[in-house]
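Each of the next two complexes has chain A plus one other chain: chain B in the first, chain C in the second.
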Partner chain A sequence: MKASDLKVYQDALVSAIEDMTVIYKAEIINSGLVSKNSFTFDPDATAGIASIVGFSGKVKGRNLLWIPSSLAILITEQVVGDTVSEYHDEMVLFTVNEINNVVSGAAITELNNLFQLSLRLSPPSIFAGGSFEIITPKSKSYEVEVNIKSDYYKKALSKGPQDHIVMNVAIEGSLDDEK
Partner chain B sequence: MKNETKFHIPFFDSAKYVLEEYDISDIEREDVQLNKALTMNYEVNVVVGLTGDIRGTVGLSMPQGTAINLAYQALQEDASNKEGKLNSKAKDVIGEMIRKIALKGIDKVAVKGKDVEASPPTLVVGEDLHIVISQVHTVTLLINSSAGQMQINVCLEGVH
Partner chain C sequence: MSEIKRILVVDDSAMVHKLMDRYLIGYEIVGYAKDGKEGIELFHKHRPDLTFMDITMPVVDGISAIKGIKQIDPDAKIVMLSAMADEEIVEEAKGLGVVTFLQKPFNKDTLQRTIYEVQQGG
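Presenting the complex of A and B:
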């Protein structure tokens, strides 16, 4: 498996965002895959929700989905059909978890089909807060960022650079094209 | 409760074993608690995912001071940075600690006929965090030790 094969996460994330924002369509402006050595939030970063799912098999790692809190609230309101006031409301946290489950499940299934990696997912854990740092020691990470635009989401997006959703994939060791 | 926690206890036992390996002393275990949903307020949290016959999460949570003491004990050198927070070496060693706890627990669970694997540890450090490490029941053990207080959380799906 090569780093470029992780594009399956980009496809899965774009597809999940389109499905979850079906009522008030979010336009995908751009998306891309980049390599990173670590995954650390800037202390001044906007409040957000991170959902972490581990995986193991022939390769080990973890998938981390990060959504800005105000955007997570708006997506949750669409999914549950009710209003939500706090970003750490259980509904919001579980919606972000569910998106991670959907994206991770689709990407892992695709990777298993392509490379027979026998990957299996652990249940997700959620972390919500103003600023936090996330580190997966001895791993290299790859990041898919999806930028979105929508009139409906303007009220969330006007507060700052919150118009992006991030899927960060950390893999222990090296991939085939990095050995 | 005993039957409900038969696959959780091996992880608590392995936590004590691993802490003792790092020369952490005065380890006192409080009562095991069963929580419907778990939220924690500690600054340093590390989780390992479990996959296989048992799916779940093993988590360790503690205040920054406990984490610095633990890391100092493991590294035998200063574990804090200029701001008095965990330095990068210390974060690595805390991650390794939970990996050892998870792997040792998995060995004990394997004796009970379960094939389980662990994902790499992920460390989350921050203030005023709202954390839910599982949507299923979580079994929690509070530990007091020479390094300070910490909380071990084990949530396993489909073992009740």
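Presenting the complex of A and C:
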């Protein structure tokens, strides 16, 4: 498996956001997958929610999905049909977890079918707040970022970190890196 | 054709529970289980017409829960509800007697259509 095969995460992230919210469109930014050493949350940006799902099989690693707090609230309200007051609301946390579950499930389904990796997901963990760095030892991580657009919520979504969702995938060992 | 009226949902996501509440109007949801162990217990207690079962859950996962439910009732109707649908897991679920697979994310139409197809299958 090569690093470029992790493109399945890009497709899965875009599909999950658009299928689950219906009214939002997801646009890949930063030319797709970017190789990173860790996931770093910008301390100058607003708070966010990070969901982490581990996977194991013929390779091991974890998927981290990060959504800024205001966008997490908007997405939750759209998906479940209820009003939410703050990003620490249980339903917001569960929604972010479920989005990660859907994205991770779709991506590793594709990887399993292509490479017979027999990958299985672990139950997710969730972190909420601001200014943190998540380092996964012995692993290289690859990141895809999407910009969220919606004609319906044009005023609520402004340019910048508030409307970006990040998926960071870390795999133990290394893959053949491609640019 | 066997009519589906009473449904059990086994999934650790409160978001999925919320969606089921919204989409399953007209059905009686006998319970929501947060893991496979609770799912087996609720199945034994309520004997639903249909069970929706997630795969990745804490305590007891979906595959193990299916085995537990089938020991209680070999004819239990179970629909696998999962974000994962690779060939290996689909084959394993079919081998355990799962009626069908519903891949996440699902909407009201796909959920209702799945129930209809289970009913038609008898």
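Here is the rule we use: the second predicted complex is superposed on the first by the 158 of 179 C-alpha atoms of A that agree within 3 Å, B and C clash if a C-alpha of one lies under 4 Å from a C-alpha of the other, contacts with A are read in each partner's own complex, and residues count from 1 in each chain.
One rule holds for everything that comes next: contacts are C-beta pairs under 8 Å (C-beta built on N, C-alpha and C of every residue); 3 or more make two chains touch, one makes a residue touch a chain.
Everything quoted here is computed from the prediction, not taken from an experiment.
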item: Partner chain(s) touched by A:97 [first = chain B, second = chain C, both, neither]; value: both
item: First (chain B), second (chain C), both or neither touched by A:54; value: first
item: Touched partner set for A:109, first chain B, second chain C, both or neither; value: second
item: First (chain B), second (chain C), both or neither touched by A:122; value: both
item: Contacts of A:64 with chain B and chain C, given as first, second, both or neither; value: first
item: Partner chain(s) touched by A:135 [first = chain B, second = chain C, both, neither]; value: first
item: Dominant contact partner of chain A by residue count, chain C or chain B; value: B
item: Contacts of A:34 with chain B and chain C, given as first, second, both or neither; value: neither
item: Footprint overlap on chain A, comparing chain B with chain C; value: 90, 94, 97, 120-123
item: List of chain B residues in touch with chain A within their complex; value: 37, 45, 47-52, 55-57, 59, 91-92, 95-96, 117-136, 155, 157
item: Chain C residues within the chain A interface of the complex; value: 12-16, 18-19, 22, 56-58, 82-89, 103-105, 107
item: Contact set on chain A toward chain C in their complex; value: 16, 19-20, 76, 79-82, 90-91, 94-95, 97-98, 101-106, 108-109, 112-113, 116, 118, 120-123
item: Partner chain B, residues of chain A touching it in the complex; value: 50, 52-57, 60-62, 64, 88, 90, 93-94, 97, 120-139, 170, 172
